[in-house]
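One chain, subunit A, links the two complexes that follow: it is found with subunit B in the first and with subunit C in the second.
For the complex of A and B:
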């Protein structure tokens, strides 16, 4: 709970600091990072806490994004209502995929989710009269109107994103202390032990899969209105699914701050590599991949554990000095 | 004779050509501590897995508390009061020691406050009060096994299967567990104890079941069973009786 309060305070500081930044590129990078962190945090609720790695979380981004935008543009369904329907659609999809796949565990579950995301991309490309196929759907900006999630300044999307990230973080923190959170911890330790303890693991897993999908979808519906373009290759692509999983892994799945720190680190390296090597094809991706490998090899429990270790290492000499002083 | 708590009739289980359980009949009275012994490969683990629903028997029936257990999941069986511990310690690494124990109470529907209070009592009884808030990552094997024991007790069990719970405990820990089992057995909880430590089995058990090659070869008071000809043969080979030494 202390770490949850600290994270929300940090996010509030970032929100306040954003008013000092006028550079729209920097604000854009901050916004992207914030939404990636929301997805990382949502992914961690399922995969980090229960140990069932999903490599297909982009389906819960593409599904609500398309539902919201198509409903709005074709049937003029108000954006906020459409967004709720989009989130509901993502939850329904999670219940369906979950019921079908969560009896699998380990790499089999990961592969099943991976194929779900491939199926989603194929469906989007196939039904091109609704989805625009590979061309995607542009979202025309009409006027600044928060009920349509249309803001005329990037900062507004950043602030909404930070607020959402706070909500998701508080939700995950509360979840970990809840009855369900305890069950999930047992499932992660061993499914056999969980069954022997009377936990209905199939049910628990479907429920947390749906929760994770709902939180992911909530970020997605806001984010597409920031992008103003539905790009199937990005929204339903494999890259995004894998990136989302990486944030929590790089930052530390066992930490509330892990996915946020992971997303920030990843985006920072991405931006720097892109600026420095972006003109040489593929170099930026190589730098990014290499940094991730170095982090994971140095400290498999992630950046947060690495930071804790540094603090402890820094703290130890200080304690030694105080002991020496007392000795004198 | 009162209605048995557990009754197996003609239970068979094969894995390919390997016949792990052959026509097992076993009746356990509602009040007892039963030892289950047998050489490696005798079918003890398969029996536990059949009882807890990890495997379904190829044929035969398992009746627990008057209820046929065919098709009942492991989790449901635990909720019905048929619980087990595992040979290897099974700590819940992301929870503190007491939280891992509380899970058994939460499953029963207790609030977290009530579950914590009850878990505290179990930890105190097992001499784990000082470790309650620690992470199981920092605890040695013996303590972890006691935590596993506490977790299944939180389920308010009727029948507890202890799969080598006591191997790996220190002398002090062993005494505590033995006393706890005695006390709980007096309250009416039935224990089926799988153990290789003969002195433990003899001290605890009011009856002893011996398995060999997938069958129950003896079932009765310990002092009688250990003198049974087939039991001696199973453990020492058939030559042992022929050549007195």
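For the complex of A and C:
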């Protein structure tokens, strides 16, 4: 709980600091980082805590985004109502995929989620009358109105994003201490023990998959109004799905701050690569991908663990002395 | 009737490449219990290597563009051996999630690397195979996919023979059945895994070299083949190597039939529905009898 409070305090500081920043590029980078962190944190709720690696979280970004925007623009359904429907659709989809795959042991879940994002993309391309096909849908800005998630300043999206990130972080922290959280921890360490203790493994997994989908979807709905454009290649692409998993892992899945740190790390690479190499793309995903390879091979607990170790190394001499004293 | 037959023929021929990709994925899972999420990027690597070899300028003779298959397979086999020695050997004891993350990281890193080294543009070496077809009555056979199909069938037959008859095949099946027992009987599991990885990645190289005459080469091209390969492998039954060949051909047919009668964009969704149905009703796979490993 202490780390949760520390993270929320840190996010509040970032929110306050954003009022000192006028540069819209920097505000944009901060906003993107915040939403990536929301998705990473939501991904971590499922994959970090339960060990079931989802490689298809972008379906929970594309699905609610399209539902909300299409309902809003075609049938003038209020955005907040549409967002709830979009989130419900994402949860239903998660329940469906989860029910088919999470009761099997083996790599079925990773394979099913990976292919799900490919399917989502092809369906968006097929139903082009509704979705605009490969051209996507631009979101026309009418007036600044918070009930329609339309703000005229990037900072407003950043503040909403930081608030949402706080909520998701508190949710994950609370979840880990809840009864369901203990079930998940038991399942992760040994399914046999969990089964013997009477935990309904498949049901627990499907429930947290649905929770993870709902949190991801909540971030997605706000984010598309920040982008003001539904781009199927980005929202439903395999790349976004896999990126979410990867930067959360780089940050450290066992830590509350891991996915946030990972998102910042990834966005930093992106910014540096853009500044250094301009439009020669690929640097960001290359560094991200190979970082994951290095992390898995050397320090599976991620950047957070490395940071902790540095702190411990700094404080080690003092502790060593006290240990020696106790030994005497 | 002709349309139906033509659709099935097209599907079988497209399915040849899926079958080659699926065979590699399934061989590795069957013996090493590891899904290689970077398999598509090894196909992409094979395509780029093959494209480079086409530029070397060997006169286009009888074999035309296909001479590049041999050097491409040799290079990718080497990369596969390196892949095992540098990463998989140690990752074997990591457990399932880290292995998934390792290979998916390699996959995304590979796409980025290709983009940095070769750029994002689409490459297609000039060749006589692209678009060429043979007519037999009312039915036409695409030459490029046709050659890939024939080689996929040949590789499947070789694979069946190798797993059944050779010393390596027997060792590999023993390790797949129970690594501990096989090691107690003197089988070197590391050696089996090394050869398995090498063969699997060489098959990815073969698939890559076979598609460059008619399929664009670009950094994320692996996704086009590997998602189909993964679905084929699960539908056929994870680890069932010969079943995965049938799975690849089946998915090619479903794709072609959906494209002919509905819309190509619906084919992935149709295959996904089949995939979920198989997982719900027959998780051991369509072509796998009771319990067999390879």
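Everything below uses one rule, namely that the second predicted complex is superposed on the first by the 294 of 328 C-alpha atoms of A that agree within 3 Å, B and C clash if a C-alpha of one lies under 4 Å from a C-alpha of the other, contacts with A are read in each partner's own complex, and residues count from 1 in each chain.
Note that contacts are C-beta pairs under 8 Å (C-beta built on N, C-alpha and C of every residue); 3 or more make two chains touch, one makes a residue touch a chain.
Please read these numbers as outputs of a predicted model, since none were measured by experiment.
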*Using the touch definition from the top, say if A:116 reaches subunit B (first), subunit C (second), both or neither.*
second
Regarding the shared-chain residue A:243, is it in contact with subunit B (first), subunit C (second), both, or neither? second
*Which partner does A:198 contact after superposing on A: first (subunit B), second (subunit C), both, neither?*
first
Between subunit B and subunit C, the one with more contact residues on subunit A is chain C
Item to check | Partner chain in contact with A:290 - subunit B first, subunit C second, else both or neither | outcome: second
| task | Tell me which partner A:106 touches in the superposition: subunit B (first), subunit C (second), both or neither. | result | second
Q.
Output check: A:314 vs subunit B and subunit C. Expected answer is one of first, second, both, neither. What do you get?
A. neither
Shared subunit A footprint, subunit B vs subunit C, residue numbers none
Listed in rising order, subunit C residues that touch subunit A in their complex are 29, 35, 37, 87, 90-91, 94, 96-98, 100-102, 104-116, 119-120, 219-220, 223, 227, 230-231, 234, 238, 263, 265-269, 272, 275-276, 279-280, 283
Subunit A partner, complex, touching residues on subunit B are 52, 54, 73-76, 78-79, 83-84, 86, 90-95, 99-100, 102-104, 106-108, 112, 151-152, 155
Within their complex, subunit A touches subunit C through residues 47, 51-53, 55, 96-97, 100-101, 104, 106-108, 110-112, 114-116, 118-119, 122-123, 125-126, 238-239, 242-243, 245-246, 249, 280-293, 295-297, 300
Residue set of subunit A touching subunit B in the complex reads 49, 179, 182-183, 185-186, 188-190, 192-201, 254
